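Shared between the two complexes below is subunit A, which has subunit B as its partner in the first and subunit C in the second.
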Partner chain A sequence: MSKIQNLELLVVGGGPAGLSAALAAANYGIKVSLSEEREFLGGQLIKQTHRFFGSEKEYAGTRGIDILKKLIDEVNKNNNIEVLLSSRVLGIYEDNIVTILNDHKMKKYYPQSIIFATGASEKFLAFENNDLPGIFGAGAVQTLMNVYGVLPATNVLMIGSGNIGLIVSYQLLQAGVKVAAIVEAAPKIGGYSVHASKLRRLGVPILTSHTIKKAIGKEKVEGAVICELDSNWNEVKGTEQLIKCDAICLSVGLTPLVDLLKQRKVKTTYVSELGGYVPLRDENMETSIKNLFVAGDVSGIEEATAAMIEGQIAGLSVAKRIGKNSKDEIEERIEEAKNELELLRSGPVGKKIRKGLSKLGLNHGKNYNEKFSEEALDISHLMKTGVPSEENLKNKLPSEEKVFDKGPIAISECFQRFPCDPCVKSCLFNAISENANINNIPYVDFEKCTGCGICVSKCPGLAMFVIHKNFSETTSVVIMPYEFLPRPHKGEIVKVFDREGKYLCDGKVIRILDGKFQDKTAAVSIEIPKEYYLQARNFKVEEGNHG
Partner chain B sequence: MDENKVIICRCEDVTLKEIRDAIREGFTTVEEIKRVTRSGMGPCQGKTCGLLIAKEISQMTGKPMEEIELQSIRPPYGGITFEEVTKGTVMENDK
Partner chain C sequence: MRIQNHPILSFNRGNQIKFYYNGKELIGYEGETIAAALYANGVFKFSESKKLHRPRGIFCAIGHCSSCLMTVDGVPNVRTCITPLKDGMRIESENIGVEINE
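Here is the complex of A and B:
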C-alpha cells in the first residue's frame, strides 16, 4: 500500500501563468502546491531582460526579470503556497493520481483540482544539415546568454522574425554578438514593428520572403545558403546566396506543451493560429476533464501578459469552486480579468489569436470592437522592411514646421496598433494620448509636451525621441534611447545613424540620463548638424574611445 | 534537397528520407511512424519531430492537419530509475 498525499490545488509549471494561477487561488484561501521541474521559478521570464508591452496594470514597461522578482516575492510570502522545486511531474493517471519526481523519489499525490501551466516548446525546422553543431533554438541562445552569461557564437544568422526572433537578435547585439541577418519566409515581419525598427537602426538586414536552404560546414556551422521565395512560397531560381556565420538560430514559433494533458486524455485539436495541438477548454480555462484547468502557452501561444491573466482566471475559477465564501467577489474578479484579456486581444495583432479561439468555440469574436482590429495607417512598407515610410512619418510629425520652434518636443515613432501604454502613463504633462483605447497609436500633443524626455526611457519599443531642432544656429539635439555598453561620456564624439542604420554624421554627446529612473534605458542627448534632425535615430560608441 | 541530410528526429537520428519512405509504404499516422522508425522515442519524447512528421503526412497524403493526431504520450514523462520509483512508495511493511 502506498501513501498518497491529498492536495487542494496542484499547479504544474512555475512560469508567469503558473505563478499567477497559484497566487490568485491562494489569495482566496486555497492550499496550493506549485510544482516546477527546474531548481528555480520563473519559466521564460528568467531570461527576458527586455521591457514588456501591454497595459501598465499587467506590468507593461517593466522588464520580464523584474516582473518575475515581484511574482516570486509574492509567492514566497504567501503561506498558502507550497513550492516544490526540482519537481518534475512524471505522470497523471485516469484516477487523477499525479506522480512527481522529487528528491530522487517518485511521490504520489491526489489533487482536488489541477492547473497545467506547462508552457510551450520550440518548433524545429527541416533543412539540409540541420543537425550541425551551432544550430540553436532561440530560447536556448537566450538561456545561454541571459541566464548563464555564455556567448553562443560570434556571428549569428537568425531564422524567423516573430517577436522572439527580433528580441533575441537585439539581445545578441547587446551581448556583443554580430547578427548577420534576419531571414523571414513570410512576406512580412512577424513581430512588432518597433522591435524590427530597433534592429534596422543598428544595421541588421531583415530579409522577408526568404528562407534557409541548407547549413554549410564540416565540424560545425560555417555559413548558410538562403534564397528568395515567391508569393506561393516557392523558391525563386538563381537567388541563392551564401551567408557567413558561426551559428544559426531558429525562431520559427512555439507549440503548446500538451504531453501531460495527453496522458490524461484531455481532448486536443490542431489550431495553427494557436501554435499547434491545443486543449479544448472553456472561457474559465477548464478542459474536457472536470477540475483540470490550463493557463498560458499550453492553452495556445500568446504573450506573457495574456499568460498571467489566464493564470488568474484559472486560479480564481478553482477558488470559486472549492471556496465557501466570497463567491460573488471572485466572480467579479474573473469578469475583470476576462475584460482585460479581451482588451489585449482586440487590436490587429490579436486577430490571429481571435481566429484561433473562435475555432475552439470561444468568444466567437462577438465581443470585439472591430474598429480597433484594422491598422490606422498603411504600414505595409514598414512591416516588409522595418523602416517606416515617409507617409507614416508625416503622420506622426508636427503638421507645421514652426512647431519645432517652440523648443524640444517628443516624437513618437510608433505606427502599429497593439496593446501598450507606458508612454502614455509615463508622461507627467498628459501630452501623450491613445484616445481612450490601449490598442490605439499614441499621438503627442505638441502644445502640452515640454520635451522632458521621460518617455524616451519608458517606451518598451524604443520608439520615443525628443527633438530640439533649434538648439543653436547650426545644430539640433536629438534625445535617443540607448541600451548598449559601454555608455558614452559627456562631450564624446559618436557616429550617428539613420533609421536604416546608414551613417549620417558625427554627433556630440551633451547629456546622459542614466539613473535608477531610466532603468538601464539611458536617454542620451546628441548634438548634430541641423540638417539631420529628422533622420538621426541611432548612434554607436567607437570601441577604442574607452579605456 | 538531399532528404538524407535533413534530420527530423534529433534524438533517434531519423532523416526526412526515412519518414517519407515510411509514409510511402502506407504508415500514415504519427503513431505508426514512431513504431517503425523510432522517431519520438528519444529523451525529448517527440517534442522536436512530432509536429514535423504530422506536417509531412499532411503534405504527402493531402489529409488536413486537423485530422492528424499526435502520437500517444504515456507516463512517465522523462527518465526515472527503478530505485526512484520504489523509494517514493511507502510500503506497508516499512512502517
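Here is the complex of A and C:
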C-alpha cells in the first residue's frame, strides 16, 4: 500500500453541498481534495432541469443544471482544489486516516479536517409486488431520463407529492411520458403549491389521502391498485381502483446517508423532521468530533439551496480554523451565510426544519418570529387539490374590474408562503413586492405593472400570467409560460385549458417570446374569447399541426 | 426508448458501441451506464432473484440497492447502474433457471 498523504481538507461528496464547501474553503487558500464516488461531479444537481426557488444569491431562478455548470467551472479554475473522481471513501479510522478506493487501488489520506457532504438515500415503501421491474425510485427516473436521455416508461404512477414527486412528474411530462396520477397518503400535498398547480393545469390528477396497495404484473409493472385512506390512515373499504401504468415511481422521502459518520462514531440522533438519523452538530456544521464537519442532506433533508449555504458555512469554518489570515472577513461571511439560511427557513414551510433543528439544540440562538409563520391566506383547498380556491384568486386579482381597462397586467397565482423571490427581482418596474421577506406572498402593484411579461418566464413556479382583458371587443389575451415541445407558431390555433386541465376553448397564438432571455420558458400570448380570461391558464400544441 | 428532442436538455451521446446481452448483440453509446443502455434497448429484466426467481431490474440507479447486479465480462455482481458501458462488453443475467439447493 502507498504511503499516507497529508491533506488540509477532504470534502466527501461532489454534490451541491460538497462543491460549495470546497469552493468556500479554497477561496481562502485552503488546499482541498474533493472526492466523489461517481465519474462526474454534481450529485443530484445533474438531474435538476427546473429553475430553483430560494434567494437570488444562491442562484434562484436558474436551472439546477446551470447552477452546476457554474460551480464546476469555478472548481476547475481553482488551483487549490484537487478533484478525485470515481473515488469512494471506504473507511475512516479513529486517527482520522481515510481510505479511498480508486481504480481498484486503495489510497490512504490524513486530512486535518473533513467535511462530509454524502447526501441522502431514498426511502422505500412496503406494498405487494414492490420488487417488480418498473418500480423505481424517483432519483432513478431522473437519472435515466435527464442524464442518459432514456425513457423509463410511457405511463407512470407517482407515489408521493413532495417536491421531488411533483418535480419528477413534471419532468416526465416534458420528456413526453404520461403521468397517470400522483398518489399521496397525507391529506395534503407535500411540496410547493406552485409545482402542484402546474401539474393540475396539465391534467394530472393529484389524489391526496390515497395509498398504493399493490403492483400488478408478472415480469414488469402493468398497473397498480390504489385505495383511499381515512383520517386515521386506515384503508377505506370498497375504494380500491386499478390504475393502468407501466411504471411506478416512489418518491416517499429521503434519509441522510450517515454510514461513514457512524463508522467514525460521530454522535447521531433520530429526528423525523430531518429525515432520520442525523449527526449532532453545531451552528458551524461541526460534529461531535473536532474538525469533522457535515453539510447538505447528510445533516438533515432540505432543499439544495440550503445545502449550498451549509456547504459554505462548513468550508468557511474550516478556513477560519486552519487558515492563516482574513479571519475577520471569514467570520463576516459566515455570519452572512447564517443569516441567509435563517431567512430561508423563516416561513411556514421551514417550520418542520426549524422543529428538527431545535431538537438538535439549534435555533441560531434565536427564537423565530412566529408571526412569520402565520398563514396569510387559507390555502387548505389548494394544498388538498393543487387548485386555488375562488377566495385565493379573488385575493390576487385587482379589487376593481376597471383596473383591467388600463391594458395588460400581471397576475400572480402564487398563494403559499415559501422562500422564493425571482418574480420580485426580475421585474424592471418594481411592480412586484413581497414586503421585504422572501417567504411572503408576492403581490403585483397594478399601477406600476406594464404587462411586459418578463416575470412570466422568470417565475420558477410558472405562477405569473399577464392578462389583457380588453384586447378586442370580443377577445382577451393571456400570456402563459410554456416549457414543452413542440413550440407553437404564430397564428396557430391551440387548445386552451383551465386550472384543472379541463378544455375550455380554442385560442390563437399571437406572440411568442422564446429567446435567450426566456431561457426555455417561453412566454406565449394566446388570444381567447373574452369570457375565459379568468380561467384560461394553459394550452397544448397539437403534434399533428407541425410539419 | 431514447429521448430525441427535449424542451430543456440536449443529450451529447458518445460514439455508438456494440455490446452483448446474454449473447445478443445490442447497440449503446459511450459514456452511458450498462443499465441505461440495456433499458434503452427495451431490456427491463436484468436478472432473477436467487431463491424465488422474481424478476429484477433497476431501482435506484445510483449504486445503492443492488437490484441491478449482473455478470459483466465474467465478473459477477457488478452494479450495472453505475458501471460505464464499454465496447464489446459481455453482460449476463444472473440466476436465471439456476436452482439453489439448501
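The rule we apply is simple: the second predicted complex is superposed on the first by the 541 of 547 C-alpha atoms of A that agree within 3 Å, B and C clash if a C-alpha of one lies under 4 Å from a C-alpha of the other, contacts with A are read in each partner's own complex, and residues count from 1 in each chain.
Criterion: a residue touches a chain if its C-beta (ideal position, glycine included) is under 8 Å from a C-beta of that chain, and two chains touch if they have at least 3 such contacts.
Everything quoted here is computed from the prediction, not taken from an experiment.
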Mind working out whether A:S161 is in touch with subunit B, subunit C, both or neither, as first, second, both or neither? neither
After the superposition on A, what does A:N27 contact: first (subunit B), second (subunit C), both or neither? neither
Considering only the touch criterion stated at the top, classify A:G176 as touching first (subunit B), second (subunit C), both, or neither. second
Once the structures are superposed on A, label A:S272 by its partner contacts, choosing first (subunit B), second (subunit C), both or neither. first
Looking at the overlay, what does A:S412 touch: subunit B (first), subunit C (second), both, or neither? neither
In the overlay, answer first, second, both or neither for which of subunit B and subunit C A:Y148 touches. second
Across the two complexes, find the residues of subunit A that touch subunit B and also touch subunit C. 121, 131
Enumerate the contact residues on subunit A facing subunit C in the complex. 37-39, 49, 63, 65, 121-122, 131-137, 139-140, 143-152, 154, 174-176, 219-220, 483-485, 520
Subunit A partner, complex, touching residues on subunit C are 1-3, 5-9, 11, 13, 32-33, 36, 39-40, 44-46, 49, 54-65, 67, 81-82, 84
Going by the contact rule set out above, which residues of subunit A touch subunit B in the complex? 1-3, 88-93, 99, 101, 104-108, 121, 123-124, 126-131, 213-214, 255, 257-260, 262-263, 268-270, 272, 276-277
List the residues on subunit B that touch subunit A in their complex, please. 1-2, 5-8, 10, 13, 16, 45, 47-49, 51-52, 54, 65-66, 68, 70, 72-78, 80, 83-85, 87-92
